Structure formats: structure tokens, C-alpha cells
Amino acid sequence: MLKPLGDRVLVKVRNEEEKVGGIVLAGNAKEKPTSGEVIAVGPGAIDHHGNRMPIDVKVGETVWYDKYSGTSIKYNDDEYLVIRAGDLLAVED
Amino acid sequence: MLKPLGDRVLVKVRNEEEKVGGIVLAGNAKEKPTSGEVIAVGPGAIDHHGNRMPIDVKVGETVWYDKYSGTSIKYNDDEYLVIRAGDLLAVED
Amino acid sequence: MLKPLGDRVLVKVRNEEEKVGGIVLAGNAKEKPTSGEVIAVGPGAIDHHGNRMPIDVKVGETVWYDKYSGTSIKYNDDEYLVIRAGDLLAVED
Amino acid sequence: MLKPLGDRVLVKVRNEEEKVGGIVLAGNAKEKPTSGEVIAVGPGAIDHHGNRMPIDVKVGETVWYDKYSGTSIKYNDDEYLVIRAGDLLAVED
Amino acid sequence: MLKPLGDRVLVKVRNEEEKVGGIVLAGNAKEKPTSGEVIAVGPGAIDHHGNRMPIDVKVGETVWYDKYSGTSIKYNDDEYLVIRAGDLLAVED
Amino acid sequence: MLKPLGDRVLVKVRNEEEKVGGIVLAGNAKEKPTSGEVIAVGPGAIDHHGNRMPIDVKVGETVWYDKYSGTSIKYNDDEYLVIRAGDLLAVED
Amino acid sequence: MLKPLGDRVLVKVRNEEEKVGGIVLAGNAKEKPTSGEVIAVGPGAIDHHGNRMPIDVKVGETVWYDKYSGTSIKYNDDEYLVIRAGDLLAVED
């Protein structure tokens, strides 16, 4: 399985929305965040004192993110998103 | 419910002003900040010493922000804004 | 009343100069700073040690700033400017 | 043999995908990460206290990265990629 | 009188050179620094430990700066320049 | 002889590849790193504690770098490259 | 005489090469560094602990720099260059 590195999180995308090409829209007018399930969590980035910084989401949680965040990875025919934890907007309670 | 992550705040938008497309206007000539009610507050960003940095607004307060700040999220048919606490301009007393 | 957040200051604009559209002019050739009265001062930004950094202006003082700095807020039919303290150029003695 | 410097990793590229010219596509719409085998690992970057920062991958592991990351090097007729460890997205378990 | 804020210095411009519009010329080919007299010095910026950082020029000294640095202020019919101390190039002995 | 300053290294370029004008190509599609011999090593940059940061290459070693890195210097009719140590990609064993 | 401020160095330009307009050429293809004699050295920049950072060149030394670095100053009919010490590439032994 894929293990995300650093402060990254591996997400199984839930809803595949309509793509609007590769164009980044300015402002918050048109960007529709999507959500997905956390599959794996990286070890965390290393701070200036050599300590790992915690990541605030756990495996199994549903997270929301802007649809232009992260990088898509196709692995064993499944579509995942590798996204920095700091780019996650919210988590469902 | 949605819990904002890091230094983010979840806001229920109060007044939906006229959109002027997705174009960011330069300067402060035309940008009209909007306001909303704080619904949830994130745990805060982590500083260089591993401590959480406080967020200066509380649930229930009315906050003002530039209308191009933050990211809109539609959740259970309601429109929210996820915005970094540092992008909030002012809070009503 | 509005309370500015972080290192921001709420200013009541004094002189409303002629607008030259929303275009930022390069260099210092045409930018005419304006001045206003400080109405409220934020708690200050938090430094890397978790302490509030002081803000060098007080309520009632007249401050000068570049006319493209800050964000305009209309609140109770009055026009204010929310501006970061670090963007204030000078204060009248 | 080539020894990567600093926080860099030397990777033997596994799958050579179709090139889409030298144009960087915006967003995650079209970018297909690739994978490769770690051949050598640099000593790590030096942090603000003069210590080496660890690199989270080891020789022999399969790593995934965005196809526009890193720099290609042709050495002894073999194609390698020199990439910063922080640009690696994930490692296979 | 105007008191500059932070790491800023108030300068009375000495020689008003011919303007070449508001266009910033690239490189050092055409930029002619100008000089002026220091009228007032700000309290200094605050460093990461909460201390004021010293400013290396004093009232009455003649300083040199790139003509595109700083912001012009008209105050009581006099033209001043508010400029960050770090943008001053040299001081006359 | 020339002594590089700070974190810079003086390199005698080995192979002069075909130039493709002064245009920086995006991505790693076309950039062909070159190699050269280290002629001299700077004293190292100074970190936040006032200490010199070590440079990981030595005189006589063969280093590889992206062909758009560094600055060419003609000195006594020889062509050298002055390049920051952090821009060196790899060193030959 | 002119005293450079901060981490700046005052250089008497040695060879005035042909100008190619004010256009910055990309890459290292066409940029020809020039050299000059150090006339004066600033006190050094102040680091995060309030200490002056040393400057690695001395008055009388010949330094090399990229011809687009620094700012030209005409002072008493002589042409000088004020350049940050960190932009100096090398010093002649």
C-alpha cells in the first residue's frame, strides 16, 4: 500500500465533480471543495527542533479540501489524492 | 458537523452580495468585506515550539472579512465559509 | 462596534481623495498617502514565543498610510479602513 | 556512482509516461505522478541548529512523485531523477 | 510633526530629478539614486525576541536611496519621503 | 585566483553542451544537467546562530548541476561557474 | 565620503562593459559578471539575536559580481556600485 510522506495524507476521493479544465479560478466564487476518506496519514513534517509535528486527522475520518489541492495518484486502479495536511479545510465530526 | 482544521474558522455567511465574477480587483477601491457568524473554531496552528496558537474569535461572534478570503463549502445544503483566522479583519463587540 | 483583529487598526478616513480606478501605480510617483484617526487597535500579532507584539499607535492619533493599503469596511453607514499596523507609515505628533 | 547532495534522493525512473511537452498544467487535473526506485539518499539538509534532518525513504524503496518534480540526469547512459526528499509524495509499503 | 513608524525614516528630499513616468526600469542601468536629509527616525522594528532593532542613521545625516524606494508624503505643503531604514543604501560621512 | 564567497563553489565546467538561447524551459523535460570539477569552495553561509554552515563538496570532486544554475565568470581566459552549494545536485563518488 | 549601510559594500567599478539595455537576460547564458575594488564596507546586517553578521570582504580587495546586481550611485562625479555583500560572487586572492 502507499504510505504518504512528511505532512501528507492519502485520501480516497468520495465525489468526483465535474471538471472545469485545468484552469484555476480566482477567488472563492466557483471553487467547490470536495471530500474524501482518510486512508493513511504521513509521519508529519519535522519542525525546527527536529520534532515531528502532529497531523490533526485520523484514518477513517472524512475530510474536506479545495478541489485544486493535492496531487492525484492512480495506484492499483484506484484513484487517490495525496494532500498536505495543512491544505485540509475541515473534518467531519 | 464540520470541524475546521488548524487556524481555520467556519463561518455562516450573513449577507450574500452581488458577485462581480471571479476577478480579483486590485487595491481597496471595490472590495466590500462581508460578515458572518462563527459556527466553529479550529484548534489553532502549531508554532515553532509545538504549541497551539490561540484564535481570537469565539463561536457566536460576528466577524468581518474581505469577500475574496476563504473557501466556500456546501454542507447539508447550507453555505459556509472556511477562512483562516488570520484573514479575519474584525469582530463585532 | 468593530474590534480589529490581530495586528490590525481601525481607522476613520479623513480625506477622501480622487480615485484613480483600481490600478496600482508602480513606484512612488503617483501614490498619495492619506491620513485618518485611529478608532480602535487590535490585540497585536503573536510572535514565535507566544507573546503579543505591541502596536505603536493609540486611539485618537492621526496616522498616515498609502492609499492602497488596508481594506475598506462600511459599518453602520460609516466608512472605515482596517489596516495592518505594520502598513502605517507615520503618526502625527 | 552519483551521490545526491543535501536533501536530495537519486531515483531510477520506472515508468516513462507520455510527455506533454514542457508545459506545466495547473491544478491536479492532468498531472500523473510516476514512481521509481530509490538508488541513493543524500545526507539530509542542515537545520537551524546545525543538525542533519532525516530523510524518510531508504535505498530500494519505491517512491511516487509528481512527474514535473526533480531534475533528470543522464549518467553512464542511464536516466536518473534527482529529487528533493520533500517533493516525494508517498512510498510503497 | 510626522513621526515615522517601525523601521521607517522620514527624509526631506534634496534633489528632485526628472521623472521617467511610473515605470520601474529593470536592472541598474537607469536607476539614479537620490539623497536627502533625515528628519526623523522611527523606533525600529521589533525582532523575534521582542527587542527593537537599531536604525543606523541619525537625524541630520544625508542618506542615499534608490529613487523608487519609499513613499512620498505631502505634509504642511512640504514633500517628504517615508522609507524603510533597510532600503537606505548609504550615508554621507 | 578567485575565491568564492559565502555558500558558493567555483567550478571548472567540463562539458559545454549546446545552448538553447537564454530561455528557461519549464519542467524537467529538456533540462540537461552538466558536470564540472570543484576548483574552490567558499567559507559557507552563516546560520542564525552565527556559525558557518558546512559545504558538502571538496576541491577536486566532480559535481553535477542543472545547466541554468549559477553564474558564469571569465577569469584569466578560463570559463568558470560560480554556483551556490545548495544548487549542486550530486557529486561523483 | 559615502558609507554603505547594513550588509552593503561600496565598490568602484573597474571595467564598464557594453550595456545591453535594461533587460534582464534569463539564465547564465549572456550575463557577464564584472569586478571592482571594495572602497567601503557596511557594518553588517543584524541577525535574529541582535548581533552584526560579518562581511567577508575588506577594503582594497577586488570582488566579482553579476552585472545586474546592486545599485549605481554617482557621487562627486565618480561612479560607484552599492551592492549587498551576499550578492558578491567571489573575491580575488
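Just so it is clear, A, B, C, D, E, F and G label the chains in written order, and each chain counts residues from 1 on its own.
Simple rule for what comes next: contacts are C-beta pairs under 8 Å (C-beta built on N, C-alpha and C of every residue); 3 or more make two chains touch, one makes a residue touch a chain.
Protein identities per chain, from UniProt: A, B, C, D, E, F, G = Co-chaperonin GroES.
Computed from a prediction, not measured in an experiment: that's the story for all the values here.
Shared contact partners of chain D and chain G, listed by label, are F. Remark: rotation between chain B and chain C after Cα superposition is 50° (nearest 5).
The distance from the centre of chain B to the centre of chain E, with each centre set as the mean of the Cα atoms, comes to 37 Å. For the pair chain A and chain B, the distance between C-alpha centroids works out to 20 Å. Work out the mean CA point of chain A and of chain E, and you get 46 Å between them. Among the residues of chain D, those in touch with two or more other chains are 48-49. From chain E, with the walk directed at chain G, the chains encountered around the ring are E, G, F, D, A, B, C. Residues of chain D touching chain F in their complex: 1-6, 8, 10, 19, 21-24, 43, 46, 48-50, 68-75, 81-82. On chain G, the positions that touch chain F within their shared complex are 25-33, 47-49, 51, 53-54, 56-57, 63-64, 66, 85-86, 88-93.
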